[in-house]
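Across the two complexes that follow, chain A remains constant while its partner is chain B and subsequently chain C.
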Partner chain A sequence: MAISTIQEVVFGEDLPTFEPDTSLATTRQFAALVGWGGARFSDHEAARKEGLAGAMVPGILNQGYLVAMIHHWAPNAEIKAIDTVFRAPVIADEKHTISGVVTDVNEADGQVEIDLTVANEKGETRVFGTATVQLPIA
Partner chain B sequence: MLLDLHTHSIKSDDGRAKVENYCQWIRSKNLPIDGFVLTEHRQFDAESDYSALAEKFDLCILKASEVETEYGHVLVYGVTPALQAEFDFGSISLPLAKVIAACNAHGAIAVPCHPGRPRVGMFAHTDALGVPAGVEIVEIYNGGSRDQEDQIAIEHASQLGYRGIGGSDSHIVSHVGRCATRFDAEIKSIDDLVLALKTGQFEAVNLKTGD
Partner chain C sequence: MDQDITAAREKFLNQDFDEKSFSVPAEKTIEYARLCGETAERFLDASHPDFQAPPTYIASLSGSRALPEGFPRFGIGMDAGKGIECFLPVRPGTTITGRTHLHDIYSKTGRSGRMVFAVSRIAFYDAEGNLLANSDSRVVMREKS
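And now, the complex of A and B:
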């Protein structure tokens, strides 16, 4: 169920998980569009030659997926901040899952803090962070 | 008694968790831990007083440090002003031998953390630098471990006769309590913790896997 006001939010509630499109085709297209046409975002073999495990999803695309995940949960939310720590590359063509959970609710000012985690199929955290989200007050 | 021995708050440069929210999370999710130790990066947070939160949530909240050496990152329990005067906690290249000697001189204990991790873990450096003298305990369960990092830590610790602790290495609220350490003794203070670590009555617990 989509959230529309701060009063509907419960401390500790999980946001619906989100499976980002980590396909190499999308990664390559995004990187080219933002001017990052390097091999590390577009070619697995070339990325391996750079010492990576494969081509990786650009960080700002991951941040975009985090925003999309939050808006699936609360379509009218205003995202005040997304703060990410990139622990390990998100490798293209590997399945990842984004999870989020509410860790602070301030009903007076309508703001919510959300923990965000991007994990691979082994359950390893690749990216974590927090978001500050503004919701309407009923 | 179960304590998460490795956590970070917003006092750490990459920490995003408020201590109060850790407490709320532990209680609202009924996590089986009885408290946690804040191990802020490259500093000791002397000024923060979490005693009111500890009382409100009936949790043990202690403070320690995570410093950086040529062998990787090292947790330091039992930090005192005298110990802080011995070396620069903000340095990213402390000699491990100096850290261990200072800890021994001031009643503290140094514990290399995530030792199976590339670059920042002790066992990534032992081939090149040798096995350091004076290490007795390492972190064998780390909540942020990837690949075979914990397994590497467990195997090397076993070979070298080290005892093991567990800690979540949480930087966000929802990651607290993923790994912890079980003590026979009741821990109420950092002195109690150091004593329990030195006397060996503890075991690492991985709450992610149930090990």
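And now, the complex of A and C:
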């Protein structure tokens, strides 16, 4: 069930996991949209020649996935801040899962803190971050 | 704090070194939102009464330079992460202005030596001069041993 007010949020609760579209097609479209040329975002073979494990998902697209996940959980949530650390490349066409957990709830001002992690199928953390989110007060 | 870091902070922090204007086309912000997996209508539907760019859209906007002229080269720079702060929605169809300054400089020393971090912040303003959002890029420079 989607969250609509701060009173519905439980400290320590897990957000529903989110599987982002990390396909090469999406990665390529996104890189073109933001003007990031370069084969590392669009071509597995060329990326391998650069020493990568394959074409990678741009860091800011990963950040976008994290925010989209929060909006799936709470559609009217306002993102006040999000900080992300790109620990290791997210490789396109590999399945990744995003998890999130509520680490602070402030009912008085309607703000929630959420820790977020992007992990690959081996369970390796590739990106992590923290978001501060504003929710309506009932 | 190391002397060279203190000197760099005194010389470079909180001084704007770049200014650039950005148009915010609706079709681009909608596509950005769609590719990120957004489903909220205020990011996807231009006729929505609260239509706005997705919060992380500003992270895709780069200034003309990432570091100020004369900033010391501590080592080869790598992307260490990004952060945003949102104060007001960015409205598609408008033009916004980004002003860049160094927000922080600090170092960490680990087993492999010292790493210097520089946080470059672009502050985005609307045409009325209202601060809409900050976009931070952290660059880490590993010193040659």
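We take it that the second predicted complex is superposed on the first by the 138 of 138 C-alpha atoms of A that agree within 3 Å, B and C clash if a C-alpha of one lies under 4 Å from a C-alpha of the other, contacts with A are read in each partner's own complex, and residues count from 1 in each chain.
As a convention for this text, a contact is a pair of C-beta atoms (placed from the backbone, for glycine too) under 8 Å apart; a residue touches a chain by one contact, two chains touch by 3 or more.
Owing to the predicted nature of the structure, the values given are computational and were not obtained by experimental measurement.
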{"item": "Simultaneous placement of chain C and chain B on chain A, clash or fit", "value": "clash"}
{"item": "Touching partner for A:G12 - first (chain B), second (chain C), both, neither", "value": "first"}
{"item": "Of chain C and chain B, partner touching more chain A residues", "value": "C"}
{"item": "Touching partner for A:E78 - first (chain B), second (chain C), both, neither", "value": "second"}
{"item": "Which of chain B and chain C A:D115 touches, first, second, both or neither", "value": "first"}
{"item": "Touched partner set for A:A88, first chain B, second chain C, both or neither", "value": "first"}
{"item": "Which of chain B and chain C A:T125 touches, first, second, both or neither", "value": "first"}
{"item": "Which of chain B and chain C A:V101 touches, first, second, both or neither", "value": "first"}
{"item": "A:V34 touches, of chain B and chain C: first, second, both or neither?", "value": "second"}
{"item": "Contacts of A:G64 with chain B and chain C, given as first, second, both or neither", "value": "second"}
{"item": "Overlap of chain C and chain B interfaces on chain A (superposed complexes)", "value": "83, 85"}
{"item": "Contacting residues of chain A [partner chain C, same complex]", "value": "18, 20-21, 26, 29-30, 33-34, 59-61, 63-65, 67-69, 71-72, 75-76, 78-86"}
{"item": "For the chain B and chain A complex, residues of the former touching the latter", "value": "14, 16-18, 21, 24-25, 28-29, 144-147, 171-175, 208"}
{"item": "Chain B-touching residues of chain A, taken from the complex the two chains share", "value": "11-12, 83, 85, 87-88, 101, 103-104, 113, 115-117, 122-125, 128-130"}
{"item": "For the chain C and chain A complex, residues of the former touching the latter", "value": "28, 31-33, 35-40, 54-56, 59-60, 79-86, 136"}
